[in-house]
Amino acid sequence: MNVEKLFITTRKRTEEICSPLKTEDYVPQPAIFASPPKWHLAHTSWFFEEMILKQNLSNYKEFNPHFGFLFNSYYNTIGERAERINRGLITRPSVEEVFAYRNHVDSYMQILLKTDLSKAVEELIVLGINHEQQHQELLLTDLKYLLSQNPIHPVYKNDYSLVQNKNMEQGYIQIEEGVYNIGTESDSFHFDNEEGVHKVYLNAFEISKSLVTNGDFIEFIEDKGYENFNYWLDEGWSWLNENKIKSPLYWKKIEGEWFNFTLSGLQKLDSNDILSHVSFYEANAFATWKGTRLPTEFEWEIASDHFDWGKRWEWTNSAYLAYPNFKIAAGAVGEYNGKFMINQMVLKGGSTATAEGHSRKTYRNFFHPQYQWQFSGIRLIK
Amino acid sequence: MNVEKLFITTRKRTEEICSPLKTEDYVPQPAIFASPPKWHLAHTSWFFEEMILKQNLSNYKEFNPHFGFLFNSYYNTIGERAERINRGLITRPSVEEVFAYRNHVDSYMQILLKTDLSKAVEELIVLGINHEQQHQELLLTDLKYLLSQNPIHPVYKNDYSLVQNKNMEQGYIQIEEGVYNIGTESDSFHFDNEEGVHKVYLNAFEISKSLVTNGDFIEFIEDKGYENFNYWLDEGWSWLNENKIKSPLYWKKIEGEWFNFTLSGLQKLDSNDILSHVSFYEANAFATWKGTRLPTEFEWEIASDHFDWGKRWEWTNSAYLAYPNFKIAAGAVGEYNGKFMINQMVLKGGSTATAEGHSRKTYRNFFHPQYQWQFSGIRLIK
Amino acid sequence: MNVEKLFITTRKRTEEICSPLKTEDYVPQPAIFASPPKWHLAHTSWFFEEMILKQNLSNYKEFNPHFGFLFNSYYNTIGERAERINRGLITRPSVEEVFAYRNHVDSYMQILLKTDLSKAVEELIVLGINHEQQHQELLLTDLKYLLSQNPIHPVYKNDYSLVQNKNMEQGYIQIEEGVYNIGTESDSFHFDNEEGVHKVYLNAFEISKSLVTNGDFIEFIEDKGYENFNYWLDEGWSWLNENKIKSPLYWKKIEGEWFNFTLSGLQKLDSNDILSHVSFYEANAFATWKGTRLPTEFEWEIASDHFDWGKRWEWTNSAYLAYPNFKIAAGAVGEYNGKFMINQMVLKGGSTATAEGHSRKTYRNFFHPQYQWQFSGIRLIK
Amino acid sequence: MNVEKLFITTRKRTEEICSPLKTEDYVPQPAIFASPPKWHLAHTSWFFEEMILKQNLSNYKEFNPHFGFLFNSYYNTIGERAERINRGLITRPSVEEVFAYRNHVDSYMQILLKTDLSKAVEELIVLGINHEQQHQELLLTDLKYLLSQNPIHPVYKNDYSLVQNKNMEQGYIQIEEGVYNIGTESDSFHFDNEEGVHKVYLNAFEISKSLVTNGDFIEFIEDKGYENFNYWLDEGWSWLNENKIKSPLYWKKIEGEWFNFTLSGLQKLDSNDILSHVSFYEANAFATWKGTRLPTEFEWEIASDHFDWGKRWEWTNSAYLAYPNFKIAAGAVGEYNGKFMINQMVLKGGSTATAEGHSRKTYRNFFHPQYQWQFSGIRLIK
């Protein structure tokens, strides 16, 4: 797909994701780790305005000088930013104004896209598109978390797609011991954190073709997996007890039966569905209970040609750290990935909420081990 | 005014207060001590539904069975209530639905008001009206606090009344030593906490006819009042340091000049205006710095016939405790006032945000000593 | 008793209180509200050194220049002080050195006491003695709290006196309505907060001659008093739930039987003993459950000639605030009482831990409503 | 050295470390991450009692049944344990009793050591010895942290060895690209986390023979390294700001000159000394500022034959995770290392506080990235 088309498709998809929302839903920030839909809408536009239009379109007219302050995120190089924890209190600009901001940015971007773009600018636009695709996923996961806080279980969309919930294959893939290439030098878009092919030595291993299901996890629960510290990392055990965790996020037991809060409201749990919304601690405890382990990100990447993936982000037992020869890009774009390389674990794959074509086998997603609000699941090593 | 007319006037004023709001403004809860406008709108309606219509109008049809859970407040007797801290996450019901709820309750209330009401029911309706008037003031103070969190200083209303900001009189009133009557036995509406005339013995005192102004308080600041622990209660001094308090709430010094965030946006501070948005700690420190003291609630009540009041709630040096023979009413209504009788200080008077006719000289308002977000000012004893 | 004798007796009693301690017991600070025994020993000596010897004994030689910093308390006027929360980390000076400090101060004080003292200095010495008596009580209550944190229930003293645990009288005293005098103008020592006789108007009341017993309180517990919000102030109810309070401090139910941690270790609870270690919240809830109320500090003071008191500090329903004409003394001594006049409730009486002759009917003790670690009990108004 | 001799030497060294302490120093717990000396003394003895004597010496007589509860640590399998945060409140047993406990355990251990030990028991004893050596280092680091909290800078030992503070060599080692063996299969003692030789693929690299010095780090500070977010991981930047970190732990600037709190009290900082007491965040920021990086644990291990190490624990850029084929031992011993494999970074080497012979090149020490209280320094990759 050419860049202009990809730009338009992506911008449109963001708005489609928001189409079932009421104005009120755009406002709150339900937790420190999540952002309001309005903020996602504005921040993705701000990226194009600040990183691309201001530098590369001479007649660009800034939409509103306050927005740079309100809608940047971790980009410390670009002025002060509003406190992350207070994003839910910014009722103005209104949702309507934020959509106007998007339109404004889109119009100018379309002018820019029709010009003869340098390679550097084109790459920056593609980065902006991929950045927006990442926020599309967060839009959905943050919104799900927000709606789940409401005791009346609101419905986002009645017909929210459930097609990606089932395993297609069973059994194991065997991979031989040896030296393998990891990472990418492709000309296609990829993030700085996956850049540069390097060699890793892997022992032989067998990896499952299928993901752990709700039914598998119910066995763990019924075997008192949440009550036996032997299965848990020490910090996982503390997390469990402090937060009174007794199941994956969004599971509720009502009169002896398991229900699941979904983007289509509260539903009966299907034990054949692929498990989702577990933390790394839960993923690791489950694997320990099974007498097995999670794959490393390297094992996953090497084996991934041989199994079906993309239905759930899959926790690996790899810490999110720099690859050899990882370089931080100069300027604000350099803040993108490198500064998060501590205390987070790598997830591979993708999910129902991931934009089509966004992920690839070298893609490195990452979250803190306690977080459950992403569509995160488990694949096991034999 | 008869009850029906008072009911209609009051319900209408609540909606008038909200008329300048955008839908987004109705949603957030900016602090644990404040509630979203949407919640105020719904909760005041819930009071009439739950306390009056359900018990007294046989054909009353509940609007939505979830609302009892979502919109009760401290009324522990009536079912569980949603966590106070999470009120800002309840995006559904929408603002539109909450207005529909109000209309629904109003229609049935008007049916009820046309029937032959028992004295008990009429009293309960008048209580509901006064309850709503209290929430009208909170609507304004909570909204002001919300808007103040936004770095771009939104305007609630350009022409928000400023008429009550100036002192009309100067000088002091002298009151003789003796036994005085406090409280009320009037037939007119009053709260349980002011009920029952009782005697107090007062020493002679002189009380100011005017309230402390912004200019007076600037002298305190310029004399380093916020930096000298001698003027402060020990807990006030801790509060000051932990919260880095250096001025009344909403004051900002920009390039050497004082500005004030108001419901009409950020404005230059007028030193002749009556001071507002100080905590009890600040009021007490100011009085100590001046070599004087705050009045007790009894002194204030006895002297109040002789000065102009109602422009600012005035901190007294009286703890909010029960009057002799205070009785807690049976049932949910009994939770109204009595259970807050600890760690709060009495304020007397009223403010620009107080509904007309709502306050009276026996009225006992109360807040914790650290709170600044009410329209709270200072009157001094000589 | 003359001042010199009182000084010697008091200083000796402090050391007697400490005599059963091991060196280790002198070190920890078990909570923000309690101090290590070593700190109490040093701080009371520091008071004499800093307030009296340095100013009034020309050849006084400071023991150690660091001690002024380490062992002052809330006296903000006298240099910086170490963070209150870290008192338990100050292992040096050793206990032995602190006793040497006491001896040093005592020697010089005895020199001073043999000189011809001005009235002002004598008053300051008597203040120092009363200050030390207050810390004697804290020594015992803080130590009890410390030992209670140890899962093996250490014994402070096997024969710790239990004589003051029983009520001597039953029945009620009747007091007539009228104007009464409160406070003192006596020449004998008293604190600034009780200074100045002033008049209060009291309604008629009846007050119990006896204090509430453990057995009385067990009835409250068994009637589910801790589970019914109707009996509790709103903040009491929050305190209860956040801290999982289910009984007075130090009570433990072991295999269906109530035990009580005491300074003589864990003991079976005697239901005839006077109740102790309740918070104001519990005292107030108990009174509400009984359909009665706590006395005000004024009622207590007026009635106190007619009943036996001194066995337990008794919560009143009076906030700790200034009496009319209360004056703060100049200088550091002025910080003694006035700056704590917020968010605390008055207790009257005394306890087994109070030094003989220390309390009197006008004495105003005060603590925050949530604290249970003092020897605090309940007397009821009919 | 044979096991008996090693046991005696190790037990004796622990007590030698404690010999300069006063009784008071044994008591406090200065932070959640540190333990009181008394606890270290007792806990190391408890390990021998619980894991070895109780199971393997038929006539062993338990010293005190409470100690199992008071002095176990993370061993969840062996009964409940006292709350980690409250270790500083356990004044009884006294220090004297804890030494008696050590003697008791030592006597029985010496009986056991004279018997014909199975290989399994001998291995467990060697584990106990290595466990005690680890606590010897913690004794010193925790004690240093405790004494540093005291404003009067107490001295642990005037002549505390400073010989290991200087670099012996300069320059860089070059290592070729290739497959290398990591870990150990030696018959000598090693921990489970270093067990099992496995292959890793390394790119070519050059590593410094010397460690970063205080002088090097002063350049970073003077270049405003602590004020420029570009050098910092995002969580490091937050840590820095929340904790107001402006230098390595124990550095104090007094009148323009750098001082360093040491176990011999406050000393002038020597710019030629090897830097210590930096967090991973600081180590990583320093390397980034230098335009270089930290080694991985694999690079360090492979290069370590070619440089002098053991003067400071050295932060690596490797997360502490399981090696391939890592197995958790059955029972309580299995809790030793595996359950800490999250959110910690590996340190290699050793320090002045490490027992002789305790560390080795395959040794994997680990701490959270924010901790500074270990003797932790920096070695750079070119």
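Here the chain labels run A, B, C and D in written order, and each chain numbers its own residues starting at 1.
Note that in this section a contact is a pair of C-beta atoms (placed from the backbone, for glycine too) under 8 Å apart; a residue touches a chain by one contact, two chains touch by 3 or more.
This is a predicted model, so every value here is computed, not measured.
Trainee: Which contact partners do chain A and chain D have in common?
Mentor: Neighbours common to chain A and chain D are absent.
Trainee: Enter the minimum step count from chain A to chain C; a value of 1 means the two chains touch.
Mentor: 2
Trainee: Measuring centre to centre with C-alpha atoms, which chain is farthest from chain A?
Mentor: In terms of C-alpha centroids, the chain at the greatest distance from chain A is C.
Trainee: Tell me which of B-C, C-D or A-B has the interface of A-D again, with more than half the contact pairs shared?
Mentor: Match found for A-D within B-C, C-D or A-B: B-C.
Trainee: When the centre of a chain is set as the mean of its C-alpha atoms, what distance in Å lies between chain A and chain B?
Mentor: 45
Trainee: State, to the nearest whole Å, the distance from the C-alpha centre of chain B to the C-alpha centre of chain C.
Mentor: 36
Trainee: How big is the gap, in whole Å, between where the Cα atoms of chain B centre and where those of chain D centre?
Mentor: 57
Trainee: Of all the residues in chain C, which ones touch at least 2 other chains?
Mentor: Nothing qualifies.
Trainee: Quick check: in the complex, which residue numbers of chain C touch chain B?
Mentor: By the definition above, chain C touches chain B via 74, 76-77, 179, 198-201, 203, 229-230, 232-237, 280-281, 284, 293, 317-319, 321-322, 324-325, 339-343, 369.
Trainee: Inside the complex, what are the residues of chain D that reach chain C?
Mentor: Per the stated touch rule, the residues are 22-28, 30, 38, 66, 69-70, 82, 86, 88-92, 94-95, 146-147, 149-152, 154.
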